[in-house]
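After this come two complexes, each holding chain A, first together with chain B and then together with chain C.
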Partner chain A sequence: MKALAELLKGIRPEFDFSASRDFIADGMLDSFDMVTLVSTLDKTYGISIEGTDILPENFSSLETIAALLRKYHVAL
Partner chain B sequence: MVAIESVSEVAEAVVRAKAGGLSYCSNVFTDPRKLQCWIERGEFFREEAGGAALFLRRDRDFWHLYFCAGSPTQLRDAVCAAPRLKTEPVVVDLVGREDALDCLVEAFREAGFKGYQRLFRMARIDQAGALTAVPSDPRVVVAGPMDCQSIEEVLLQSFDRRAEQIPLLYEIEAAVRSGQIWVARAEGALAGLLYFETHGLTSTLRYWLVAADFRGQRFGSELMRRYFEASNAVRRFLLWVVADNHDAISKYEHYGFLPDGLVDIVLANEIIRP
Partner chain C sequence: MNFKFHHKRITGMLAVLPAREASFIDEMRNFNFPVSRSLKLKEVMGYDKHRLVEPGVCVSDLAVHGLQRLFDAGLLQPSEIDALLLVTQCPDYFMPPTSNIIQGRLNLKQDMLCLDINQGCAGFVIGLLQAFLLLEQECIRKVVLVNADVMSRKTSTKDRNSYPLIGDAASITIVERDAEDSLIHANLRMDGTRNEALMIPAGGFRLPSSAETAVLEDVGDNNFRGKDHLRMDGSAVFNFVQVEVPPMVEDLLALAGKRHEDVDYYAFHQPNKFMLQKLADKMKIPYAKMPMNVVERFGNSSGVTIPLAIVSNLAGQVTKERLFMCLAGFGVGLTWSSMLMPLGQLNFCEIVDYT
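Showing the complex of A and B:
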């Protein structure tokens, strides 16, 4: 989970993701950031997140992102 | 063309399009609350063809095209097959990293669209901290209901309605109710305005202008100062600017905004003349 937090920090260094329960509602990630995050996750973990999974609810917290990665057999 | 009746109808069309190909592409980045508003007002329609879903949102005298498709080829075929896109004035915004948009631009060009305008996004990142208190100019105030009509008029006079997403009157009224527009008043006229949208820690500066007759009187800097002062919880400020508006770009740079790599390529169909 720490690696995931670091990865988010790399995309939006100005935000403290550990202080948020909902990155979308708190204005920390927008639709364009999600596209960047998907690309970063794909490269970092050697996966290909499908378009049908690019939904705000899958990127709203560290837990939901981790759950999405588990679906692609990524062990965190 | 069918009027859309619910946000879930849009979501279902997106899922179908995503399942239809391996190179999913879309410009549907709209906040669901905004979509709901368009639907309730009967402004939002859809057409589906092959593996693509096309959505049209009615603006004043033209349409905005939104799309999602399984691939750029499916998108091109759907755009070519949609009769409304041949007879009505339509613009489409392609938003993303410039190099990632090439195939979409090509798909639309093959379907008869041409370049209309190019914008890019600028960002300013703030650190937490107290602002220095400065005496306020009493001529700069939060806009009230009586300002809405003037705000719409000055926006339409000052910006390109096809490329810069000028809000409709009801959207301006909602922004005023939310305290998201500051105005400068002088000599009984609207001398300037600053229109923003704040969402949590991120705020988008949508429009900032001073009318020609009132320039050089520090209204612009006062509007910006008041905006930053009122946004002290915000950490990321964003804005979109027309790429060849060098005067505006230099002013934004003065306030610490820098390009963040996102572009908006606006294309128009043949009904619209530049």
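Showing the complex of A and C:
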């Protein structure tokens, strides 16, 4: 989880992601940030998150992102 | 809806690009975003250069320039053109049809069909379908398919969701009968219930342009645009493409009795690099078989991107040999369509600048 929080910080350094329960609703990640995050996760973990999984609900919190990564067999 | 055609082929392709080239690096200051975020987007989406018309340049200007070039080079005779199909979302006027304007400016014969088709990113495949249908008629031997858009004129320079990727361009594709039995398969889907995902809200009869529709509004994410401008629901469009396009292509391959290994190249519409990489990954298509560089080199010019991907990446091959191609267009409407066809040996396959 800490590594994930660091990746998010690299994309939006101005936010404290641990203080939010919904990154999308709180305006911390927009659709282009999600694209940047997916590209970063793909490269970091050697996966390709499918386009149909790039939905706001999969990127709303550290827990939902972790759950998505587990789907691609990424151990956090 | 599935289609099958025999004895039809493309014999030449020309792309017309405005000479003016703009750079995302130079334009970043127009967007209210930190430079670091914009640079990350540049890398992921493939934003870099895009071609833009000068103020006042219209679709008919690009088309006439390209067709005159073909006439001058002896690659096309004006008298040969039995049908002129223009696929555009940027007509010179509401009326008359822009294809008639092109016909008039070039003094083409009266014994011909001029037809405007209002389509966007699927417009190349839609235009080919129409050309093939026309070629079933004895009186039509040569169809000139023009795809052209100057959408930069309807895109807010302060909308980072759209402006960096938009490009202006035209393409001219010559479509004729083929003595060989060149079997072509195509499929097509449309969903008008999602028509608002890509639209220009004002400027038609429903909401005429006015001082009010020209006002830039804060539309969130630090983007500003008016109702006169292109509005793209990026998330909805992305999801639509990822959900609908892979099964469409797989269905078409099955219909044609082909496998991915039989396809030499996948010339898909070019919305951005990220979206194409995700499609290729999903369908397990090697990146080398799917050109993805049109947005970074020229911008996304709607229905022109498929011919532009071919002309800018495969000209050396398609003028020498016959390739087996998979085309796919997807966008406004919503519309999505794909086609499996042999392509080559073309009589010409070139790019010219419009100055």
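FYI, the second predicted complex is superposed on the first by the 76 of 76 C-alpha atoms of A that agree within 3 Å, B and C clash if a C-alpha of one lies under 4 Å from a C-alpha of the other, contacts with A are read in each partner's own complex, and residues count from 1 in each chain.
As a convention for this text, a residue touches a chain if its C-beta (ideal position, glycine included) is under 8 Å from a C-beta of that chain, and two chains touch if they have at least 3 such contacts.
Computed from a prediction, not measured in an experiment: that's the story for all the values here.
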Chain C versus chain B on the shared chain A, clash or fit after superposition: clash
Which of chain B and chain C A:66 touches, first, second, both or neither: neither
Chain B versus chain C as contact partner of A:11, first or second or both or neither: second
First, second, both or neither for A:50, with chain B first and chain C second: both
First, second, both or neither for A:31, with chain B first and chain C second: both
First (chain B), second (chain C), both or neither touched by A:76: neither
Among 1-9, 37-45 or 253-261 on chain C, the segment whose C-alpha atoms clash with chain B after superposition: 37-45
On chain A, positions contacted by chain B and by chain C: 12, 30-32, 35, 50-52
Of all residues in chain A, those that touch chain C in their complex: 11-12, 30-33, 35-36, 39, 48, 50-52, 54-56
Chain A contact footprint on chain B (complex, rising order): 15, 18-19, 24, 29, 95-96, 125-126, 198-203, 235-236, 262
Residue ranges of chain A in contact with chain B within the complex: 12, 14-15, 25-28, 30-32, 35, 50-52
Of all residues in chain C, those that touch chain A in their complex: 37, 40-41, 43-45, 160-161, 220-221, 234-235, 238-239, 241-243, 274-275, 278-279, 281-282
